[in-house]
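By letter and in written order, the chains are A, B, C, D, E, F, G, H, I, J, K and L; residue numbering begins at 1 in each of them.
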């Protein structure tokens, strides 16, 4: 009912773009955290090499319920 | 010439990602509003289930011209 | 080592969405600037016509190393 | 599933404080809007008279699901 | 006493400048809304043509009291 | 009519919570300032001891009319 | 003297309001963390059901001293 | 040389618009403060009556040099 | 169609006020840049002398289309 | 216990850098204010002459306890 | 390649100033975390005693690569 | 009198800390730009290697007067 949640800040990166970088960060987080519930995008940036985007990086906060 | 515009705040959601969530919100708004002119993304977040992104939610403001 | 970088602010636009608009801005910048190193997304907005997204516009800052 | 939501901005006021001002705004909104789903506090301010708080005002955005 | 207010976001535009753009937005809003009470400027921007300002656009929120 | 107001920034603290911390700050300010007119909450924080909230601190700006 | 502190981001929720949601988050955090020292409120939001506030959610950062 | 400055926050209001509201606040401040050096606009808002702007209010910070 | 724009940050100043400071910055920019398209006000400040506003300074970003 | 604090905004400047500018502002404030308790840096800027930094300016808020 | 990073928020404090407070926080973090990669300063504040700065506190986020 | 200024965004980096990073950016800019007048710090971050700060990076905007 009156749950308490914790939020972590992660940065996912991908050669394919914003959506994939989000997915990779969530996927990685779910390896060690149960009850992942939502995410909030805080920043989108990326690295350029040879005049082309090499990686898109998405910083996000993920929230998960603390168990009783 | 010296038009007045109104802005509404909407949240579109999609299983596919950011671009599709934007499209769905615009599409829904266009059912009832004429003269939709531009949008501005205010927030990107989403819901996670079973360690995977279930919905990406994009909050946007849409602007439309008020008719004389 | 202790390099100095310069940042420019660009707006890329695309009919396809956020990732493509980023790519187009980087591509255009790389025509005249060497050593492009990173980008940061500042704003996502777009234009609507006939109730559909016509262009997604992404404002980004690109950073590049100043040569000695 | 892939719902679209709309957000409205309201200001509730109360002689009793923050929580009551929120409740009053939600109550008023629910008179005319169905499917109210969540709120976000944007600002807390108030009016003073004779050296005492007269009204606490809470600006909030309320989100509700648009029906199909 | 413990009134509830609603805020709308409008964009006024004018060939003359900031104050006139505000006035035009308020004037337009007052055609359909009673009890307009205050406004807050959120953004000032504009369009340029032939090296001169063509329109100044002021985005503002207007607040009005909801009637009982 | 065309009054000029001054704003001060204060921090009120209370063992009871947000509303009481606001009241205490206003009360203290009214000991030395006449014409207090409004307040705006800027920050809510607090101190913890032994795993419990000891004081809630509310930073607020108070506005008062300068006399002619 | 020259301590290092760590900050965690938590979300407390309560049926009673802002102060209680803060207390619940601190209480939960204190079950596993010693030396909790302060908190900062980052966001207040909540869920609505049947036209009434069901839960107030307060996002806060809590700071605690890292032991030597 | 290595001066210290103090900043005050004022709100000027005017029936004529933004520039005049700034001037009135500066004029009032200069009655009691010497060495006023610069101002920064923080907020523009105003009051509406009968569907027309009654007062434009400009919140500004003014900086002045503290004398040795 | 899918144009790329560049944004520059300028500061215009004027003895007359906000609108004139904007005009002067745009006018100056148009001496060397073609295709100026829009501006966004970022900051309004100014210098005071002898208790009166001497210059209003408006910081703005101007956007212009990069030619193919 | 439930103290009330006041915050002032100061700008310290120094030829040596950020830390020294902070110290100078605090030192100046302590000439006239007792019970100075904490400071918060709001802005770092500075003046350049002949291609070199002449002064670093640090804007800070200082908090002090109001006496009973 | 497509790494995932985690960010922690720390507060370093020092009697010497900003740079030293950053170093102390990084040093402390590196006792328990491998792969520390970057930091971002979020806030600079400090404590005053007897009219002098006692500690400068720098809040920073540190990012580190999660191992596969 | 009514000058127009341009602002550029630079990132200086240094092994020694914040003040030195600012100096290096200004020094580099002054190689190609005359009339540099002021700077504003936008961001402080840095790179870590082997558990120690390797470079402090300061993002700043520098303003310079456009010549007639």
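What to note about this one:
The working rule: a contact is a pair of C-beta atoms (placed from the backbone, for glycine too) under 8 Å apart; a residue touches a chain by one contact, two chains touch by 3 or more.
This is a predicted model, so every value here is computed, not measured.
Common neighbours of chain F and chain I, by the contact definition above: H. Looking at the partners of chain D and chain J together, the chains they share are F. Averaged C-alpha coordinates give centres for chain F and chain L that are 38 Å from one another.
With centres defined as mean CA coordinates, chain G is found 22 Å away from chain F.
Rounded to whole angstrom units, the spacing between the C-alpha centres of chain C and chain E is 31.
Of all residues in chain E, those touching 2 or more other chains are 8-9, 18, 29, listed in ascending order.
Listed by chain label, the pairs that touch are A-B, A-C, A-G, A-K, B-C, B-D, B-E, C-I, C-L, D-E, D-F, D-G, E-H, E-I, F-G, F-H, F-J, G-K, H-I, H-J, I-L, J-K, J-L, K-L.
Of all the residues in chain G, the ones that touch chain K in their complex are 1-9, 61, 63, 66.
Residues of chain A that touch chain B in their complex: 18-19, 22-23, 26-27, 29-30, 36-41, 62. Interface residues of chain F facing chain J in the complex, by the touch rule stated above, are 8-15, 21, 24-25, 28-29, 55, 59. Residue ranges of chain H in contact with chain E, taken from their complex: 16-18, 43-48, 51-53, 56.
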